[in-house]
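The two complexes that follow have subunit A in common; it is paired with subunit B in the first and with subunit C in the second.
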Partner chain A sequence: MSLCEAEKTFVLHGVEENFRVDGREREDYRPMELETDIVSHAFGSARLRLANTDVLVAVKIEVDAPFPERPYEGKLDFFVDCSANATPDFEGRGGEELAVQISNALSSAYRSPNVFDLRKLCILKGKKCWKLYVDILLLECGGNLFDAVSLAVKAALWNTQVPLVKQVDIDGNNINLDVSDSLSDCQRMDVEKAPIMVTVCKIGERCVVDPNAAEEKCSVGSVVVAVAGRKISTVLQTGTGSLHPVTLLECLTLGVKIAQRLDTALWDTLRQIKPNQDVGFLK
Partner chain B sequence: MSRSKELISKIGLRLDGRRANELRRIRCKLGVFTEPDGSAYLEQGLTKVLAAVYGPHQVRNRSKAQHDTAIVNCQFSMAVFSTNERKRRPRGDRKSTELSMHLQQALLAVIKTELYPWSQIDVYVEVLHADGGIYPACVNAATLALIDAGIPIKEYVCACTASLANNDIPMLDISHQEEVMGGPTLTVAALPISGKIVLMEMSQRFHLDHLQKVLEKALQGCRDIKQILDEAVRLHVRDVGCSTGWANTS
Partner chain C sequence: MPKDHKRINGPEETVPYNLFTKLNTKTLLTKFEEAVCNGKRTDLRVPEEHRKIFLKSGIVSQAKGSAYIELGKTKVIVSVFDPREIPNRTDYSLKGEIYCEFKFAPFSCVKRRQHQQDTEEKQYSAIMKQALESTVCRHEFPNFQVDIYALVLHNDGSVLSAAITAAGVALSHAGVPMYDAITSVTLGIQDGIRLLDPNCEEQTLCEIPISSKQESSHGVIIVSMLDTHEQISQFYQYGCISVEDLSASVDVLKQACKNIVPVVQKCLVKHVLRTLNEDVED
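Here is the complex of A and B:
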């Protein structure tokens, strides 16, 4: 998207007046839609639509060996795929840079054991653990990807059912896992503290949240804050431009405030989801 | 041939309960996204495909521009979670490249490219769930997306698979389970109204005598699919028309 000078000024003045192009205030989000269990053959999945931004997340689980230095922990792997459906710029390897940026931000946000407990994914110390592949597919980009992705990931992890291991037989070096076949035996994961990322975008002299594609173009710099519970787990500065330390601190405070609001909204939504709801693209 | 015998039971039902000449349920929707010029979502059984069309727009790589036709650029990609076993990469492997080329071949046959010199049309398909018959689903979804984008096409291009069960019964629309069980698979992309074949591909082998009836079955499948797509397009146009108010005139 390219904007001319006049359009940029319009956006800038709107932000200054606390009345943005689409009628929102500076701290408002666009409407969101959340669906879970959308990929039937994955262990957990979610689709989040934030206005024009569309993200599909699926979680697949495999058995793997834990890292030697962390024998008690399972593994969590993020993979972002920027589909060319979103924009022709992502064709071929075009989306790789953005994909790596998002997946790195996610893995650093989930790294702390206080945020997401990987020890629950351990099956047998040092030998076997579950590896969670969190695959994120960007279907449409309408700005504010980090927030949308982190919300969708949290919902997908909430939806994930880890198979129950009934018995582990060790025969020499062979390890046989007896995994329960019953679907009702699956265990849910604790995602109470899973981080939510908020992009705080500085436009002119003010900070806004949930910028759309046009506003992202006008920003002088933005800060992505990953908030878990009441604490910050990752801070990431994206885009060009520099921020004054005082502004940066303001951004962080705003980010934490907004993230807590978002978290409450997410849990409210997740609680309302009933099993066997009608989901999908056909709706 | 003991394995392929199980494909159709004695009472004429297949593994998923269909009869030999039945398609899987097709559900589709046009205009699922706002960003692309045209988009469509198509479900054929469990196979789920999203297609997006951008263009006609200026050619991105200037040296490739043609003075008399538009160039059609196709990219096929599969979500890493689309198969039972997780895939390592969504695209760039040989199978995706081959499918991209076949898709381009099928679409070039119907798009009136001569109307758009010096321009480019991008067609992107994304497979969300692969359960057999990926290529046909992609072609059908791409046709719908082209229609949604308003790009002139000569007629529908539809694709379908067919196979031979028990060595003499041709059957339609092969699912993943049936693909794995063995037996030959014939993939046909056709123009159902004029009855022309755009692309034909076969894996494994069967006797030349059987080819005619399997091909006829596949073409019948293409005609059936055309009916379903046509209905979806008409419904979509009616819905869009209603919102603009011209439905009142009829």
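Here is the complex of A and C:
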């Protein structure tokens, strides 16, 4: 997407007047749709549509050995795939840089044990643990990928059912796991404090949240704030510009405020989801 | 982890022997208390004191510009090469690009590093690029790319900050047009104590929560600043820190970044004097 100078000025003036191109105010989000449990082969999944941005997240679980330096912890890995369906720019290896950026942001946001406790994924100290593969597929890009991805990941992890291990037999070096067959025995994970990322975008002199693709082009730089509970778990800057320390602190406070609102909205939505609800892309 | 089959790789699945030593049985709390004892750290610094810096430019003769930095035991070499046309690019870009490659030497950490870049190194490269993009006047070399390579020889904490500060010096040494001098500082927070420029052990201690209190913060913050413009060109944080702690830390980091600037300036002045002397001799 490329914008001419006049279009950029139009967007900039709109932000200044607190009346953006699509009629929103500076702190408003676009409408969102969330579905969970839509991939039957995955242990948990979610699809989030934020206006034109479409993200599909699926969680797969496998048994693995823990890292020798952290024997009591399971593993959590994020993989982002930028499908060329989203934009032609992602064709070949085009989306790789963005994918690495998003997955790194997620792994540092989920790094602290206060945010997401990996010790719950340990099966047998130093020998066996669960490894969670969180695969994120970007189906359509309409701006604000970080926020959409973090919400979808949180919903998918909430939806994830970790199989229940009934019994562990150790015979020399062989370890046999006896996993419960019944689906109702599965454990849900604690995602109460899983981080939500908010991209605060600086356009002109003002900060906006949830920028669309056109607004992203006009911004000089943006700050991605990952908020877990009432604390900040990760902050990173994206874009090419630099920020004054005062602006940065403004962005952080705004980010925390918005993230808490988003979190409440997400939990309200998740509670409303009933089992065996109609799901799918053609709904 | 992709493997490079053209090299002879070390044996797979090896474990550093340090994990088996007796020291490893200490709890995190005692380790932290030993690291910060009576307001003094193991190297006798007070918590908000930076380590001594050694900075030198022009140490790689083949590169256009280069710098070597030492923060205590941390040692990093950065070299910058001539701008070249952006490879594999069909369209014309109005602004020049910066390519950063951050690499740990295989022997630089406690655990042996592989020859290929892992995800941590890729992330650090991206952060370095972010920091330097707003420092360099990229409109001065459209459709060209400047390559910056950072190699860590010894990792004793705050490596990324060291690499960014050295990269700023190396870029000026290479004569790449820049807006300002860039300095970078790392800060670790644990249980209300702010440790400026943490060493390797302090940095790992700050990554995990020690106190069971929910309200105490822990984490690591890396900030790069442009001095005269008072701009933050890069800000990266991980852990779990409250907004109040974060804003207080930003002030500390701002001051710490300012304190390093004279070291950078002195290094550049030395380089200019050296070049002048060489010209006179010719």
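Assorted remarks:
As a working rule, the second predicted complex is superposed on the first by the 283 of 283 C-alpha atoms of A that agree within 3 Å, B and C clash if a C-alpha of one lies under 4 Å from a C-alpha of the other, contacts with A are read in each partner's own complex, and residues count from 1 in each chain.
The working rule: a contact is a pair of C-beta atoms (placed from the backbone, for glycine too) under 8 Å apart; a residue touches a chain by one contact, two chains touch by 3 or more.
Keep in mind it's a predicted model, so treat the numbers as computed, not measured.
By the document's definition of touching, neither partner reaches A:I203: not subunit B, not subunit C.
Within the superposed three-chain model, A:S40 lies in touch with subunit B and out of touch with subunit C [touch as defined at top].
In the superposition on chain A, contact of A:M189 is made with neither subunit B nor subunit C. In the superposed model, A:S83 lies in contact with subunit B only, and not with subunit C. When the two structures are aligned on the shared chain, A:L48 is found in touch with neither subunit B nor subunit C.
Of the two partner chains placed around the shared chain by superposition, subunit C is the only one that A:V235 touches, whereas subunit B remains out of contact. Common to the subunit B and subunit C contact sets on subunit A is no residue at all. Of all the residues in subunit A, the ones that touch subunit B in their complex are 39-42, 45, 52, 54, 56, 58, 60, 62, 79, 81, 83-88, 91-93, 133, 135, 137, 139-142, 281-282. Looking at the complex, you find that subunit A touches subunit C at residues 68-69, 97, 100-101, 103-104, 107-109, 111-115, 221, 223, 228, 230-238, 240-245, 248-249, 252-253, 256.
Only residues 15-16, 19, 111, 119, 122-123, 126-127, 130, 133-134, 138, 207-209, 214, 217-219, 226, 229-243, 246-247, 250-251, 254 of subunit C touch subunit A when the two sit together in their complex. Considering their complex, residues 27-29, 32-36, 39, 41, 43, 46, 48, 50-52, 54, 60, 73, 75, 77, 79-81, 84, 86, 90, 92, 122, 124, 126, 128-129 of subunit B touch subunit A.
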